[in-house]
Structure formats: structure tokens, C-alpha cells
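Look for subunit A in each of the two complexes below; its partner is subunit B in the first and subunit C in the second.
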Partner chain A sequence: MERIPILRMGEFLLVTIQVDMHDQLALTLQEDLGERISATSARGVLIDISALDIVDSFTGRMIGTISAQSRIMDAHTVLVGMQPEVAITLVELGLTLPGVSTALDVERGMKLLSARVANA
Partner chain B sequence: MSVRNQGIVPIRVEQDVVLARQAVRKLAQECGLRLVDQTKLITAASELARNAVIYGGGGDMDWQILDEEGRSGLRLTFRDEGPGIGDIRQAMTDGWSSGTGLGLGLSGAKRLVSEFELDSAPGKGTRVSIARWT
Partner chain C sequence: MAELQQRTLDALQKNEGWLLQAWNVDLAGSGADQDRRMSAEELGQQTADFLQLLVKGVRQGGGAGITDEAWAAARGFLEKLSRSRALQGFESQHTANFIFSLKRPLFTLLQRDLSDDPRLLAEQLWAISEILDMLGLFTVASFQKSREEVIRRQQEELLELSTPVVKLWDGVLALPMIGTLDSQRTQVVMESLLERIVETGSEIAIIDITGVPTVDTLVAQHLLKTVTAIRLMGADCIISGVRPQIAQTIVHLGLDLQGIVTKANLADALALALKRTGLSVVKA
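What follows is the complex of A and B.
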């Protein structure tokens, strides 16, 4: 089955979404991440969406669920690389992604995650 | 107003939603829409295509590239012959879903486009037409 790869970087997991995901693929990613956080005791998840040219309410809901699910498992989630036109569109769509931290790129996202974990 | 080009994209299964998004991206570029307007139209199309598959049991997307007095537009019409919508006001309410969605598909899509027309009734299927202009 088609899957989005999840890379381990120390105590963090990195997901780079590079394809236009159909809904089932997004749900599989959500489940896989839950399992990997639990298996690796990861403290943080970085989701890079710089290659995504749209985020609709389904993908938005998946991002929110991943973030909430990680928090329950004592991990932080940071969303990085959102294109400016995607951000503008999300706001107009009515999706606010409450509780989801964002950073401009992977490097800044990593710093944010490290700071979060250090403070926890 | 003249029709420069038109066609139909089938939306039968979930994977077709991805194909519809890609088709709309290509058409929106051909039409000359700005990047941010392309993104808004594709996002709205993604919501409506998914609704046609999930609630309508599959349907079609008709597209038209239009020219009018120095501007161009892309019009998309999503049609299905599913159960239709009984209470349109409720369906258009932010956050209302009969399923497990966020309830932002119809209401959000309306905010993302410059023209929005919803025509639906129980037993008559659903037809949503949207457009954006350069």
C-alpha cells in the first residue's frame, strides 16, 4: 500500500508530504504517526507541507488530529513550510488550526520543537 | 460572454478528487488566474468534488473557460444524482456536517469564489456551480 514516509531524527519524527494526498493516504499517515510516536517515544513531530499547493478541510482536519493525538502521547507537533497563498486560503475557508504550532521552515521548526521539549 | 474551451472530468471515486484538483490547477493557469486565486478555486473544487463522491455517490465536474470584455474566468459545475440536500441553510452553515467532516466544505467554498450557485433537492441530486475571474 502507498504510504507517506516517516523519518526519525533523534527524538523527533519528520514527515515531508510531497504528493497530493488522497483522503485514505492522509488517514493512513495519521494512524502510522500514532504508532511511530508510541514505538519510538518521540517527543516531537515535524510536518513539512512546503510541497503542498493546497490544504482543504480534510487535510486540515488531519493536521489538527495529528497534533491532538501527539499531545496526548506527550509529543509536540510543528507544521512547517505552508505556502503564503495556502495560508490565505485556509483562513478564508474558515480553518484556524487551533493548537497547531507553525514555523517557516524545517530548521526553524526543529528549533521550536527543541525549545518546546526542553521546557516541558 | 464566450466559451473558449470546455470539458468534463468524472468524479466517481476518492482518487478522482486528486485528479479533479490537478485538472483545475491546469485550467486555472491556462485561464490566467493569479496564484492566490488559483489556490482558492482549487481548494473550493476539492471540497465540492469530495462532497460529490462522499454524499452524492459520485458525479461529474463540468468546466468552462470563459472570455468576457477583457477578462477570463473559469467556471466549474459539480453534478451528482445522489440523495440531494433537504435543508440547504443548515448545509451552508459553518461547522455543520451530517457526517464526520468539519462542515466547512460548502460554506468555505462559497467564500473562496466570486460566483457560487447551489441547486439541490431531496431525490433530485445536487448541482454546485462556482467561478473565479481574472
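What follows is the complex of A and C.
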């Protein structure tokens, strides 16, 4: 079955979404990520969606859920690299992802994540 | 449709000079020659040209409608005339009056020439009146079309003109908004700003609303959408140029700006942006 790889980088987890998301893939990612956070006791999760051109409402909601779920497991989530079209679509869909931190690219995302974890 | 009789055509052709003169007098009576936007000579030239085309059209086309091939030249002339009037800023009735003021001289002429046959006179008056009405309506229609073209072009230009994204500093973009915000403009603004953020990798975007005349619930909603989209991309947004009246309106309307950073002017916003990027300005 298709899976999105979750890479470990020190105390952070890096998720790079390279393929078009469909519902099952998003659900699998949510489960896998939960497992990995608990297994590695990661302090932060970085989700890179710069390769994603289309995000539907389900995927958008799933990103919010993943973030909230990670937060409960004491891992900060930063979403990076959202394309302009995707941002506009999400806003039009009313998905403003209130609790999710964002950054322009992976580098800045990592910096933000380090700062968050250091502050916590 | 009533046919124009040979007698009418002859009368028209024979009295072209008299008609032109009477028409010009009538136009002058309505004050058309006093207009500064167009000289009396120019108007005289137009009446002379059109009368020739009219006589030609009547002779060749007869009673057929003005969509007929015989009227092509007259239609082309009127289209050109309407467009130039529209560009000069004339009103539509003014333009239509160009045709309708020809009615009186024509009717007088027919009354004089066909007075011996009242039935024919009535029929011919009706025929000529129909033609003139159609020509007049055609003029107004093309006048309106050219006016709409002008408006459409201006709208497009306005849309492009009013959405420049400027780079204030390394990593700081500014978007000075001018004019009313509607959904279409917000869309254009949002797209160009977001694209520039990706291009330049800027972390802070300042939206300056000094040039936005009023903020109502809809405009505020559009602003919120833009700010949210910017945040989703991973950049921060500051709104500057909130005038006292606008602040008052926002409070009166009970709008919740959901934690958006607002500043009174662009300078304050830039100062904040510099501070956030870890820069400071000192005297040399």
C-alpha cells in the first residue's frame, strides 16, 4: 500500500508530501505519524507540502487534525511551503487552520520549530 | 414595410441642397453647432456626408430595412460618428438628435412636393419616418456599444494599475491598496501578493489601506481572507494605514479582526517589520 515516508531528524520528524493526497493516504499518514511520535518521542513535526498543487477540504481538515493530535502528544507541528493557489483554496473553503504554525520553506520551518521547542 | 415611391426619391435627389441647408439650420437651432467639442465646419461636413449616404441608401435599398447591403456605407458612417461622439463625451440624446433633426426638413419637403396626393404623402411619410427611426436607434445602439467598450477598457486598466506589490526591504513586501475592495480585486491582489511572497521568500507583508475609502463588513472579510492566506503560506501580515474614521467604523460594525496586527501608518508598520526581522535603524 502507498505510504508517505516519515523521516527522523534528531528530535523532529520530517514529512514531505510529494504525491497527490487522497483520503486513504491522509488517514494512513495520521495513524503512522501518531505511532512514530510515540515511538521516537519526537518534539516537533515538520510537514512540507510545497509539491502539493491541490488540497481538498478533507486533506485540509486532516492537516488540522494531525497538528492537534501531535500537540496533545507534546510535539509542535509546522506546515511549510504552501503554494499560493492552495492557500487561496483553503481560505475560500473556510479552512483557516487556526492552531497550525506555518513557515515559507523547510529551513525557516526548522528554525521556527527549534525556537518553539526551546521555549517549551 | 412601405415602399418609397419614385416621386419621393426624385424629390429627395432634386432638393438635396435645400435639405442639407434646412437640416443644418435645425441642428444649429438645437445648439449643436455651439458645442466647443466640435467645430461647425466639422458638423457641416458630417451632415453633408451623411445626407449623400442617405440618398444613396434610399435609392438603392428602397423600402428594405437598414440591415440591407445598400445601407452598409451609411451604417459604417454612423458607427464611426457614434464612436467619435462617445469618445468626445457627448450624451446619447445629443448623438441621436443628429439623425432625428433631419425629420422636420424631410417631412416639410415631402409635404411640399406630394401635397396633391394626400394618401401617397401619408404613406411616404410613414416610410421615411421608419427609416429615420431605425437609423436613429442604430446610432444610439452603436453609441452605447462604444461607451461600454470605453468603460470595460478602463475597468481592466484600473484593475492592473491598482495592485502593485513593492519590496520595502529584504524580506518585507508592501501592497498599497487604492480604491474600493470588491471580490474580484481582492482575488487579483491576493494572487499577486502571494506569488511575490513565494518568489522573494519574504516573511512579512504589509497591506496599506490608506487609499481604501471605506471599510464595511465585506471589505473586512476580504482583508481577513488575504491575511489568512498569507499566514497559511508561512508569512506574517501587518495592516497599516488605518485612518481614525475607518477604525471607528470597524468598532461600530463590531468587526473582529482576529488578532491581525494593525498600525496607523506605513512607517510604523515598516518599523515593526524591521524589528521582527532583527534589524534596527540608527543615525549615521
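The definition used in the following text is that the second predicted complex is superposed on the first by the 120 of 120 C-alpha atoms of A that agree within 3 Å, B and C clash if a C-alpha of one lies under 4 Å from a C-alpha of the other, contacts with A are read in each partner's own complex, and residues count from 1 in each chain.
Throughout what follows, a residue touches a chain if its C-beta (ideal position, glycine included) is under 8 Å from a C-beta of that chain, and two chains touch if they have at least 3 such contacts.
On a predicted model such as this, the values are computed, not experimentally measured, just so you know.
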item	value
Combined model on subunit A: subunit C and subunit B, fit or clash	fit
Touched partner set for A:4, first subunit B, second subunit C, both or neither	neither
Partner chain in contact with A:13 - subunit B first, subunit C second, else both or neither	neither
Touched partner set for A:53, first subunit B, second subunit C, both or neither	first
Subunit B versus subunit C as contact partner of A:96, first or second or both or neither	second
Partner chain(s) touched by A:33 [first = subunit B, second = subunit C, both, neither]	neither
Which superposed partner A:24 touches (first subunit B, second subunit C, both, neither)	first
Subunit B versus subunit C as contact partner of A:88, first or second or both or neither	both
Subunit C versus subunit B - closest C-alpha approach in the superposed model, Å	7
Those residues of subunit A which subunit B touches in one complex and subunit C touches in the other	83, 86, 88, 92
Subunit A contact footprint on subunit C (complex, rising order)	187, 190-191, 194-195, 197-198, 201, 203, 225, 228-235
Residues on subunit A engaged by subunit B in the complex (per definition of touch)	20-24, 53-58, 60-61, 83, 85-86, 88-89, 92-95
Subunit A partner contacts - residues on subunit B that touch it in the complex	14-15, 17-18, 21-22, 25, 35-36, 38-40, 42-43, 46-47, 50, 94, 101-102, 104-105, 107-109, 111-112
Residue ranges of subunit A in contact with subunit C within the complex	79-84, 86-88, 90-92, 96-97, 102-105, 108-109
